[in-house]
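Following are the structures in question.
Next, two complexes with subunit A in common: one pairs it with subunit B, the other with subunit C.
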Partner chain A sequence: MTILFPSLAKRDSVTNRGHSNSELFTLTYGALVTQLCKDYENDEEVNKQLDKMGYNIGVRLIEDFLARSSVGRCHDFRETADVIAKVAFKMYLGITPSVTNWSPAGDEFSLILESNPLVDFVELPDNHSNLVYSSLLCGVLRGALEMVQMAVDVRFAQDTLRGDNVTEIRMKFIKRIEENLPAGDE
Partner chain B sequence: MTVHNFYIFDRNGSCLHYSEWNRKKQAGISKEEEFKLMYGMLFSIRSFISKMSPLDMKDGFLAFQTSRYKLHYYETPTGIKLVMNTDLGVPNCRDTLQQIYSTLYVEYIVRNPLCVLGESLQSDLFNSKLDSFIRALPFFSVRAA
Partner chain C sequence: MFHYTVHTSLDVVEEKISGVGKALADQRELYLGLLYPTEDYKVYGYVTNSKVKFVIVVDSSNTSLRDNEIRSMFRKLHNSFTDVMCNPFYNPGDPIQSKAFDSIVSTMMVQAC
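Let's turn to the complex of A and B:
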């Protein structure tokens, strides 16, 4: 069985962003997903591995982000949403998702991605219906926010790769991670 | 003017890095104990300051000074804490500390996958870059002290 998700054949159909660097990332990511699909039996496991890798990237990426932007600590989840959509996504992926579908309590929102750079050249074969191709992004968001004391649940609610009209990432604030004095000292 | 020493703590209180330049008086306890003592004090100062402040704070704890030295403090939203002790003549070092974070810590530690985050930093490259950065600071020179 050969799987070739990212294929430059599809390239013409993609509006040219003029970023050959981001194509490098897109293609590298595609190769990674393809390899994981070969290594693991089921899609769930691939999703999990991608999320885990994303997490490990996220915990480092947050430091790079803070060093490069002059963003300080966010005081509420709405501010966090704005920073993620307008500053972070713009900085690393060149897109600005819209922030919508706030829960009444203000602890849950959606990022709507008109285009997802990760899937530029991708077609999902039929036998991967459970694969959440861009799971890495969930991990990155979760890892990065954990480092600024926010436990957040991140998942794909809609995905254009799976036939939805838009790509929607749902973010749910779980709790604030408290900072503790290390044990064993007076 | 001069720089005495410099600490980096992570958000769990581990001392990631320590270096010193002109420190005439040692604490007389082991370095591990000193780091714990230092972190404990910083932790208390932070909570003290946030409770005592009559207004909402923006940056929180910035610095304190005694009759002989001045402690400069900078904390990132991820809880990395940079602490530098200098003599009294040195003006606000916030920018300097922020620069150490963004151009040295992020550049040579965070971007180096072999450096495990949250453990004491073993990177020689980081150590030498930091040393030359500090020595190049306009207020490093001991003679003017």
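Let's turn to the complex of A and C:
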């Protein structure tokens, strides 16, 4: 893989965020997804595995996030949404999705991502039309929120890799978790 | 029909890169310039440090394309090729089926005419 590393550091790529390791991160995630595809040979199963891995990351990442961001307890789901979009996504992925499409009950909203560093350079081949490439993110969000006593459902409603104009993550609040269960690995 | 021209030009590329003894790292040396003229076409070459070869075939009647424009075409090709390589679903050596790559190449070809 000698050609991939920055002898081409001056590429005019719109995705160049100036982080020296963002391409390594993107390529690592890509290698992970393609390896899972080879191992499981089934898109739905790969989606599940990515979500599981994401969950395991999320239950740990929340500690790092809370320590580094000094964000206090959120009073309602709207505050949670803002913190996720403006603080968490910015901190870990360098992007700030917008929060929209609130349900009337205020228990469901969308995150619209104009760009997504996980999918830089990625083009899904035709034989993987059911693959939700960034499924890891759903698991991360679900796992992280579970550790702050919120059970949520997270799914991709739109995906630029599958032809949509934007990437939309839909988050739904299910219930507050009362019992303090230890972080279980899935 | 172009395949023959391109295949012949690959031999010229091999000749050029094996002839050079010193280690050349800068952009100028990646560009090989006019490989050889035929009656109908001008063939230009470019080779990366990883021995990936790009060949551009231009109709001889097109006299308006300048050297720096060809260089810039190769640079765009090189960048697009790198994006293709970075697609985790692409296996090196496979024919390139990337839509993004195709559209950049088409745009470039239209601009060159």
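Throughout what follows, the second predicted complex is superposed on the first by the 163 of 186 C-alpha atoms of A that agree within 3 Å, B and C clash if a C-alpha of one lies under 4 Å from a C-alpha of the other, contacts with A are read in each partner's own complex, and residues count from 1 in each chain.
By our rule, contacts are C-beta pairs under 8 Å (C-beta built on N, C-alpha and C of every residue); 3 or more make two chains touch, one makes a residue touch a chain.
Only a predicted model underlies this, so the values are computations on that prediction, with no experimental measurement involved.
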* Does subunit B (first) or subunit C (second) touch A:V33, or do both, or does neither? -> second
First, second, both or neither for A:V166, with subunit B first and subunit C second
neither
Practice problem: Pick one for A:R68: touches subunit B only (first), subunit C only (second), both, or neither. | Solution: first
Review point. Does subunit B (first) or subunit C (second) touch A:L124, or do both, or does neither?
Key: second
Answer with first, second, both or neither: which of subunit B and subunit C does A:M53 touch in the superposed model? neither
**OP:** Determine, under the contact definition given at the top, whether A:V87 touches first (subunit B), second (subunit C), both, or neither.
**Re:** neither
As the complex stands, subunit A meets subunit B at residues 59-60, 62-64, 66-68, 71-74, 147-149, 179, 181-182, 185-186
The subunit A residues in contact with subunit C across the complex are 2-4, 7-8, 11-13, 23, 26-27, 30-31, 33-34, 120-125, 128
Note: in the complex, subunit C contacts subunit A through residues 25, 48-50, 52, 78-79, 82-90, 97-100
Note: in the complex, subunit B contacts subunit A through residues 11-14, 36, 39-40, 43, 58, 76-80, 101-103, 105-106, 110-111, 117
